[in-house]
Amino acid sequence: MSEHTYKIVELAGSSTQGSDEAVRNAIARAAKTLRNLDWFEVVETRGHLVNGKIAHWQVKLKLGFRMED
Amino acid sequence: MSEHTYKIVELAGSSTQGSDEAVRNAIARAAKTLRNLDWFEVVETRGHLVNGKIAHWQVKLKLGFRMED
Amino acid sequence: MSEHTYKIVELAGSSTQGSDEAVRNAIARAAKTLRNLDWFEVVETRGHLVNGKIAHWQVKLKLGFRMED
Amino acid sequence: MSEHTYKIVELAGSSTQGSDEAVRNAIARAAKTLRNLDWFEVVETRGHLVNGKIAHWQVKLKLGFRMED
Amino acid sequence: MSEHTYKIVELAGSSTQGSDEAVRNAIARAAKTLRNLDWFEVVETRGHLVNGKIAHWQVKLKLGFRMED
Amino acid sequence: MSEHTYKIVELAGSSTQGSDEAVRNAIARAAKTLRNLDWFEVVETRGHLVNGKIAHWQVKLKLGFRMED
Amino acid sequence: MSEHTYKIVELAGSSTQGSDEAVRNAIARAAKTLRNLDWFEVVETRGHLVNGKIAHWQVKLKLGFRMED
Amino acid sequence: MSEHTYKIVELAGSSTQGSDEAVRNAIARAAKTLRNLDWFEVVETRGHLVNGKIAHWQVKLKLGFRMED
Amino acid sequence: MSEHTYKIVELAGSSTQGSDEAVRNAIARAAKTLRNLDWFEVVETRGHLVNGKIAHWQVKLKLGFRMED
Amino acid sequence: MSEHTYKIVELAGSSTQGSDEAVRNAIARAAKTLRNLDWFEVVETRGHLVNGKIAHWQVKLKLGFRMED
Amino acid sequence: MSEHTYKIVELAGSSTQGSDEAVRNAIARAAKTLRNLDWFEVVETRGHLVNGKIAHWQVKLKLGFRMED
Amino acid sequence: MSEHTYKIVELAGSSTQGSDEAVRNAIARAAKTLRNLDWFEVVETRGHLVNGKIAHWQVKLKLGFRMED
C-alpha cells in the first residue's frame, strides 16, 4: 500500500485439490472483474465431506485492490 | 458451497420486533439486488434505546452468494 | 441506524501525516462514489517504514452506509 | 453518540421465554435507575438447563448511556 | 457447577422457525442420550438461504453436563 | 498497580477533532467524579459521518482507578 | 443466575503471593460494598517485576452480582 | 504429538482449593475413562461466590489424547 | 446442514508431508468410527521441529457429523 | 515482503504528546539498532494517568524487518 | 512504563509444581540475561500429561523490559 | 516442552510455491542462527498479488526453541 486507498472484499474459493488451490481459484475468479489486485489474507479454511473424504476445500479470504483515484 | 467462488458482503438490518426479524429484513433487502444467496452468519447484535425501551434491534450479518462463472 | 438496511464496506486508507489523516483520506475517497455514509470503525492501524521512518500510515476501516430502499 | 461522554455498563438478563426477552428484561431493570439509555450490544447468549429443557435464557449485554455534563 | 466435573460437547441445531428454536431442537436431541444437562452457550448463529429466504436457521452451541462420579 | 484493588469502568468519549481528543474528553469527564485514576486502554475507535465527513470521532476506553481501602 | 438481572463489574486485584490470592483479594475488597455476589471470571493475569522477581501478581476479573428488584 | 491422530475433549473441573486444583480434579476424573492422555490447555477460569467468598473455582480445559489406530 | 442436529468433535491430525495431508489423515481416522461426516474447519496449524526441520505438521480441526434421529 | 524472511519484534513506545507520537518514538528507538525495518502494526493503545490527566500515551506495536540472508 | 521504550519478548516456562511456579521459572531464567524487567502477562496455560497426571505445567508469557536509551 | 524455558520468536516467511513452502523457508532461515528449535505455530497466511496472480505466499509463524540453561 502506498498513498492510495484500497478496497477489501471477502471471497470464498473452493477446490477438490487442496487449500492453496482454493485460494488460487478465488483469486483467478476475482481477477476477471477486478483490476489492481494487491494482496490477500486467508480468513478461514474448511471443507465439505462426502463418504468420509474431502469433496471440496473451501477457503475464505480477503482481497485488497487499489481504487482508481 | 460446491466448486464455485462465493462473494461475502456485510449488512446491518434493523427491526422494531426482534433480532431474528432484523436478520430477515436485511436478507429481504439484499435479495432485491443479489442473486444466488447461499448462507448468512450473524456478526453482531445490538440496538438503539429510546425512553428506556428498545426502539430498533440492529443485527450485522455476512451474506454469501455464488458468483456467476 | 433507524429502520433501514445498511451495507458495510472495508477500506484501507493511507497518509504520510498520521493515523487520523489516513482515516479521513479513505472516507474522502469513499464519499466520491457512495452516498448516505453513516459510520466508520477502525479495524487495524499499521504502516510502511522506509529508512527507519514511517513512510505511510495505513488504516483499515469499515464504513456503513444506508442502502436506498 | 453526539458530543457527550457515555458510560457503558454490563448486565446479564434472564427469561424463561427466549433470548430477546432476556435482553428486554435486563433493559427494563436498568431503566429503573439509569437515565439517558442510548444503545445496547449483546455480549453472550447462554442458559440454564433443568430436566433436559431450557429453564432460563441468560444474555449478557452492554448498555451505553449518556453521562450528565 | 458445584464440586463435580462437567463435560462440554458442541452441537449444531437447525430450525425453519428461528434462532431460539434451533437451540431448543439441538437440546431436545441431546437430551435423548445425555443425562444431567446443566447449561448451554451459543457459539455461532448462521443459516442457509434458498430463493432469497431463510430455509434453515443453524445455531452452534456448547452443552455442559455433569459427569457421573 | 501496587497492592491495592482497582476498579475498571468503560466509557465512550467523542470529539470533532480527532481520536486522541476523544480519549482526552472522556478522561476529563471521568475526572470530575472519580479520584485516583491510574490508567486507560483504548477498546474501539469509530465515528459518525455526516455529508461524507467525520462529524464525531467516538472512542471507547477502559479506565482503571484505585479503590479506597 | 435465575430469573433476576445481574450486574457485572470489572476489578483488578493484586497480591505478592500468587495469582489465586490476587483474585481472592479483589473479591474480599468488593464484598465490603457489594451484596449478592454470584460469580467471577478471570480476564487477564499479569504482574509487576522488580529486580528480576515478581513484586505483585495482578489479576483482572469480572464479578457478577444479583441486582435488587 | 507424533504421527497419530489425537482427540480433544472439553471439561470443566472444580475445586474449593484453587485454580490449579480444579485442573487436577478434571484430569483425574478424565483419567478414569480415557487412556493415552497427552496434554491439556486452560480455556477459562471462573468461580462461584457464596457470602462474598469463593465457594468453588471452576476451570474449563481442553484435553488431548491419542486415538488407538 | 438441513433439519437435523449435528455433533462437532475436535481432532488433531499429523503428517510428515504437509498441512493438507495432516487434515486428510485426521479425517481418514475419524471416518473409521463416525458416519455421516459433513464438514470440517481448520482451527490451528502447527508442527514439531527436529534438527531444524519439520518432523510433523500438526493440524487441529473440528469435524461436524449428522446425528441419527 | 518479497522473497526474504522477516523477523517481527514487539515494542511499547510512549509519549506525552499523543498516540501517533508514541509509535514514532518506538520506531526511532528501534531504528538505532535494527536495519531493514519494513512495517509496523499497532497492537494496543493505552496510557498512564496522573491527577486526572494523561501523563503518557503508551502504544504496543509489532515491527517487521528483513533478515539478512 | 514512563517515557522510555520497552521491548516485549515471549517465553514459555514449565514446572512440575503448578502454573504460578512455571511463570516464576521463566522469569528467573530471563533475569539471567535481561535487565530492567518491568512486567509480564500470561498468554496461555497448558501442560503435558503422563500416565493420567500432570507431568509439567507449561505457561506462555510475555515479558516487558525497558530498553537502554 | 520438558522442564526447560523456551523462547518464542515471530517470523514471516515467503515462497512463490505455496503456503507450506513459505513455512519451510522461514524455518530454514531461522535454523541458520538458532539452535534447539522445538515447535512452530502458523499465525497468519497472506500473500502479494501481481497481475492478478499470487507473486508470493507470506506466512507469519511463531517458533519456539529451548533456551540454554
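A, B, C, D, E, F, G, H, I, J, K and L are the chain letters, set down in written order, and residue numbers restart from 1 in every chain.
Simple rule for what comes next: contacts are C-beta pairs under 8 Å (C-beta built on N, C-alpha and C of every residue); 3 or more make two chains touch, one makes a residue touch a chain.
Bear in mind the structure is a predicted one, so any value in this text is a computation, not a measurement.
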item: Euclidean distance of C-alpha centroids - subunit G vs subunit J, Å; value: 31
item: Chain centre separation (subunit I, subunit J; CA means) in Å; value: 38
item: Contacts with 2+ other chains: residues of subunit L; value: 9-10, 19-20, 30, 48
item: Chain contact graph, described as a line, ring, star, complete graph or other shape; value: other
item: Touching pairs among all chains present in the structure; value: A-B, A-C, A-I, A-L, B-C, B-D, B-E, C-F, C-J, D-E, D-F, D-G, E-H, E-I, F-G, F-J, G-H, G-K, H-I, H-K, I-L, J-K, J-L, K-L
item: Residues of subunit C defined as touching subunit F within the complex; value: 19-20, 23-24, 27-28, 30-31, 37-42, 63
item: Contact set on subunit K toward subunit H in their complex; value: 18-20, 44-49, 52-54, 57
item: Contact set on subunit C toward subunit A in their complex; value: 9-16, 25-26, 29-30, 48, 56, 58, 60
item: Residues of subunit B that touch subunit A when the two form their complex; value: 1-10, 62, 64, 67, 69
